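In what comes next, subunit A is part of two complexes: it sits with subunit B in the first one and with subunit C in the second one.
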Partner chain A sequence: MNTYLQAGVSGVMTGGLYAVMALGLSLTWGLLKVINLAHFALILGSAYVTYQVTTSTGADPLLSGVIVVPCMFAVGVAIQWVIDRFQVDEFSSLLLSFGLFIIAIQLISNIWSADFRQIEAAENPYATRAFFIGDIAFPVPQLIALGAALALAVATYYVLRHTYFGRALRALAYDREIAGAYGVDHRRIGMLTAGLASAMAAVAGVLVGINQPVFPELASEWVGLVFTVVILGGIGNLLGAVAAGILIGLVYSQVSVAWDPLGAPLVVFLLLILALLFRPNGLFGRLGGS
Partner chain B sequence: MKHSQLAALLAVVAALAFVPNLQDATGFPAFYLIYAYFVFFWIAQSTSWNILSGYTGYFSFGQGAFYGLGVYTAGDLVSREGVNYFLTIPIAGVVGGLLAAGVGALAFRLGSLRGEIFALLTLAVTFTLSAIAQLSTWVDGGQGIPMQIPDYPAFLGEYQDLVYRLGLAVAALAVLVAFMIQNSRFGWGLFSIRDEEDVAEELGVPTFRYKMFAITISGSLGALSGAVAALQVGYLTPGGVFNLTVPLLVIVMAVLGGRRHWLGPVIGALVIYSLQERLTNSGLGEWGQVVLGAILVLMILFAPEGLYERIRDRPRRAVAAGVTLVVTTILAGLIGWGIATDWLSTGLIAATLVLLVGRPPERVGMRQHRRLAASRAGGAAGR
Partner chain C sequence: MEPRFLIQNARRIVAVAIVLVALAAAGTGASAPAQSGEPIVVGSTLSLTGAFGATGVIHKAAGETFISWINANGGLLGRPVEWKLLNDESDPAKVSALYERLISQDEVDLIMGPYATPNIVAAQAVAQRHGYVLPNHTAVLTYALTYDCQFPTWSAGGKPNLAVPQTVFKMLKTEQQTPRRVAFVTNTGGSTNFISYGPPSSSEGGAVEWARKQGLNVVLDLKYPPTTSDWGSIAAQVRAAQPDFVWNSGLALDPVNLIRAMEQLDYRPKQFFTLFPAPGPLLALGQASDGVLSVTLFEPNGKLLKKLGRKAQNIVRLFAQSAASNGLSYRVFDSQATASWTAWEVLAAGVRGARSLDNERVCDYLKANGVDTTFVGKLRFNPAKNNFSKPRNLVKQIQKGRWKVVWPPALRVTKLQAG
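After this line comes the complex of A and B, so read on.
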């Protein structure tokens, strides 16, 4: 019984990491109509930078967020500028960002090689720490990830609901023409949103960096999982993404324990297919709470 | 026009089929046959993709699923069950068609299915097949399968001749099918789905049936080509077969060549494969993906119509590109830059650049569209 319970706890917390990865993707897809495959490359790139900064300087790995978050914000703004300048539609954005994804992954592979890279345990104060309740372990890095997912989702929800920026963004998502007529500047709002989404990718990258070894293929492994989270959560629904992330984490861990670790991706991908076909608006609806 | 194109196509295929026979007389290295085989392979794959995605506008990220299914069908049946290799090729075609029909039956039933959801769905199908191959000991089980070299009748010549001719046959079949679809009522129906599906449906185009035919043909051709590719793969692993390389390359090839004409993917496959080879031979292989990604990005932004339409719409530029191709190829040869395929690659890359540099051909409505977009952007700024 404890095996299942421990797997469940780990699953929920791994799900928190998937949720952080899914937040930015869901935000730009739901509100800007941009499907940003490059998001996965930004996450991986941030994880590598975290590894590099920590390994070179011996600083606390979370501190590298000070570097990667603003950098990724700028990258996100730049990508959105191009998409806006060339009026790339929702579908072409998928192809465009696929190109960027391929470029970024190859560059990462050229710089850091295809081998596994992991922050040395001596320099990673979070790696081996865990809380215990009874026999059940709560590893600290994953707790941080889950906390970050919840905090980011709630903060974004608040911003979307209660600030001018959030209301303008939602207005744009519903009807760009009318929002424009009321003086909403779609360029500035779009770039800010894309920047925030990419900053979330940077946060996810730092969390990946303290959680696990990184290698270039990792980004492709995330694609299926994270898209499942985004679709199940409802595109643009960030609270839904956190719930779906936890759900997917649970399913993954329980299938791994009860059946076969190799069977877990299969079940998740089947879920993705079912979700795409029958619940393309997710379990909780799109753009929840608005 | 149609008949002369068809005759030219058949003549080219017939001529290519005799190339291996010239090897004894001229003594060119077998390497060129392998090179040509890979060009054929990519022509078959990108044409297969284009019949579904270029003609109907439903973009697929799932070419790897059809390809991988073909590779594993041939690999498993030959190496594990001892089935005659030549039987496994048509079996792969049927299996690929069935998978595609299954995906289509699920996806196209839903009227509300949008393009990007379809694209993700095809990607998910690829991941699912990969996971099944990892998991099922009947398919692979994660150990990998060494592909056995099959027995074949002696009159088919050397092994590389066999691979070359099989590759040519599948590529020719794919291109012929794409040609015939484009010049048929069925093809017009597919194009109308791409341009305006709801209107097409209203006007009586049986959109569901047409999309089902398109995806089935596409999947079948992709798997046929995969079954032939199994001969060249050597050792099959789920990760090696079901990765993103095949979908990436076919998309780049078709986007570069042009998605609205059967010749587009052929041109794209030739140029992209040559470019990849050229980079590898120059010791820049690890930059290959960067270049591919950059081509995809730049084409989407600046020339989404592709090379074929540039050639068709700008005859003088096309002649200039043709001259560049010949001159650069000969120059590269005179300098002695690598081997003959490198000369050709250099010429092809130069000609592609000649075609792509400069403003796109202005189409009716384009300027109007731009003005409208500009006024919208200005209005939205609201200042």
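After this line comes the complex of A and C, so read on.
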């Protein structure tokens, strides 16, 4: 019984990391109609910068967020400016951002090589730490990821529901022309939203950096799972993304124990297919649950 | 200088100049025999990006070291050697196409194998079709390499699925560390699955079967897919089984992720063995990876390296420089670099022995004579055994932040650290 419980706890918290990765993607896809594959490169780039800052300065790896979050915000704004300037539609955004993804991964390879990079144990106080309740361990890196996912999703939900920026953004998502007629500046709102989404990618990157070694190919490994989280959670629904991340982590871990780790991906992607067939708007609906 | 002085001493100046030129020529000749003619072109691919990229770069650094070294030492058949290297992006389909291009369009003189078993198997088909010799450094699926002119240098024997567990468990028994409870955790990728379970459609078995036959108590036998991201649930199952010895047939970062997840659950078995790890990241785990065991062809530990002499010491030093310029953070000439260097030595020895670039003659020479190598001794190639030499499985262990050879007794630099 303890094995199921421990695996379940680990799974839920690993799901938190998937959720942090999914938040920004869900935000831009749901509200700006931009399917941003470059999001994965931004996460990876942030993880590398975290590695670099920590190994160069010996500072706490979480402090690297002070550098990467504003930097990635600026990158997100720049990408959105290009998308807006050239009036890139939803499908074309996929192609454009795929190109950006490839370029970014190559840049990362050129800077850090294809070699594995990992923050040394002495400089990473989080890597192997855990809190215990009885025999059940709560690993610190995943716990931070889950906390970050919840905090970001709740904060964004609040902003979308209770601020002018949020209302304007939702109005743009429903009908850009009508929103424009009411004075909503879609360029400014779009760039700000993309910047926030990329800042979320930066947070995910810092968490990846303290959680595991990084290498250029790593970004490709996330794509399938993170898209599953976004789709199951409901595109644009950030609380849904957190719930979907936790659900996937939980399913993955329980199948792994009850059946076989080899069967876990099968079940998760079967879940995705069923959701697409029977709940095409995701398990929790689109756009903030509405 | 006055013109008068030059005129008066013209004879002396000319004499001194002649002596200096002669000395310079002699000096050059002594350090590197003259090379002339068109360069010999060796073509190959490596996975410089993609899933195998991180290890592919090690082979690039080793290959570049060899090319510099051989050209500084007279080249091959008196000609300089050039390496035409292409990136196969870790894709066996691209490997086939690129080797076809190297041979048919670029008309390279010789080829060198790519990195990682699936790619080597893909290159083997092209090499065989064109009758090219294919030295290769990292083939593990011994049963799949049937071309009689492919020459593997990862000398794990014809049956590494039996030889590796035999070596490891014999060492543990001899050192009075025989485990009571063994857990197997296996990546289902081709090479690692083969070591744990043996060849497909065969009753031969692998490490798991071998352990059972030895009467060891196998308390867990768990397989995971190569793209596993949830290590917590695997670690939870290992902890629940309470093994005192964990055998991880894993690749690259697998042991790093598994050890980290087990540490988070506050579980550390007495002994942990892993097959094909990325050596650097394991060391970066610090105390958590102390005592981890693995197999190797060679480690440049002080005594071992000293025994091999100056040439080996120079190669290890040059490799470290090449690794640095290739952006590698772990620059030690370990198993991967050794296998790579040895494959290049096999190719060079074949050409020198055959005194020709004719691939058929090179192949015949290698089969008939084998090769004396710098780091792994004499390699003999027997097509009946798919040219895999007798096993050379050294066991290494992380001790105080460094990999050290602990087995066999004749080659170890320190004793096995008890769990």
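Here is the rule we go by: the second predicted complex is superposed on the first by the 286 of 290 C-alpha atoms of A that agree within 3 Å, B and C clash if a C-alpha of one lies under 4 Å from a C-alpha of the other, contacts with A are read in each partner's own complex, and residues count from 1 in each chain.
As a working rule, a contact is a pair of C-beta atoms (placed from the backbone, for glycine too) under 8 Å apart; a residue touches a chain by one contact, two chains touch by 3 or more.
In this text the structure is predicted, and so the values were computed from the model without any measurement.
Q: Clash or fit: what happens to subunit B and subunit C when subunit A is overlaid?
A: Verdict on subunit A: clash between subunit B and subunit C.
Q: Touch test for A:Thr3: subunit B only (first), subunit C only (second), both, or neither?
A: After superposing on A, A:Thr3 lies in contact with subunit C but is clear of subunit B.
Q: Tell me which partner A:Leu277 touches in the superposition: subunit B (first), subunit C (second), both or neither.
A: Only subunit B is touched by A:Leu277; subunit C is not.
Q: Is A:Ala201 in contact with subunit B, with subunit C, with both, or with neither (first, second, both, neither)?
A: neither
Q: Should A:Leu262 be classified as contacting the first partner (subunit B), the second (subunit C), both, or neither?
A: In the superposition, A:Leu262 contacts both subunit B and subunit C.
Q: Mind working out whether A:Phe227 is in touch with subunit B, subunit C, both or neither, as first, second, both or neither?
A: first
Q: Could you tell me if A:Phe132 is touching subunit B, subunit C, both of them or neither one (first, second, both, neither)?
A: second
Q: Does subunit B (first) or subunit C (second) touch A:Val34, or do both, or does neither?
A: A:Val34: touches no partner chain.
Q: Let me test your reading of the model: by the given contact rule, A:Leu107 touches which partner, first (subunit B), second (subunit C), both or neither?
A: In the superposition, A:Leu107 contacts subunit B only.
Q: Tell me the contact category for A:Leu96 with respect to subunit B and subunit C: first, second, both or neither.
A: After superposition on chain A, A:Leu96 lies in contact with subunit B alone.
Q: Subunit A residues touched by both subunit B and subunit C?
A: Subunit A residues touching both partners: 105-106, 109, 260, 262, 265.
Q: Would you pull the subunit A residues touching subunit C in the complex into a rising list?
A: Checking each residue of subunit A against subunit C gives 2-3, 6-7, 9-11, 13-14, 105-106, 109, 112-122, 127-130, 132, 137, 139-140, 142, 212-213, 215-217, 221, 225, 249, 252-254, 256-257, 260-262, 264-265.
Q: Which of the residues in subunit C end up touching subunit A in this complex?
A: Interface residues on subunit C, with respect to subunit A: 48-51, 53-54, 56-57, 90, 188, 222-225, 227-230, 232-237, 239-240, 252-253, 256-257, 260-261, 263-266, 278, 280-281, 284-288, 326-330.
Q: List the residues on subunit B that touch subunit A in their complex, please.
A: Touch list, subunit B to subunit A: 59, 106-107, 110, 112-117, 119-121, 123-125, 127-128, 131-132, 134-135, 142, 243-244, 248, 251, 255, 286-290, 292-297, 300-301, 304, 373, 376-377, 379-383.
Q: What part of subunit A is in contact with subunit B in the complex they form?
A: Interface residues on subunit A, with respect to subunit B: 35, 82, 86-88, 90-92, 94-96, 98-103, 105-107, 109-110, 176-177, 179-187, 220, 223-224, 227, 231, 260, 262-263, 265-266, 269-270, 272-273, 276-277, 280.
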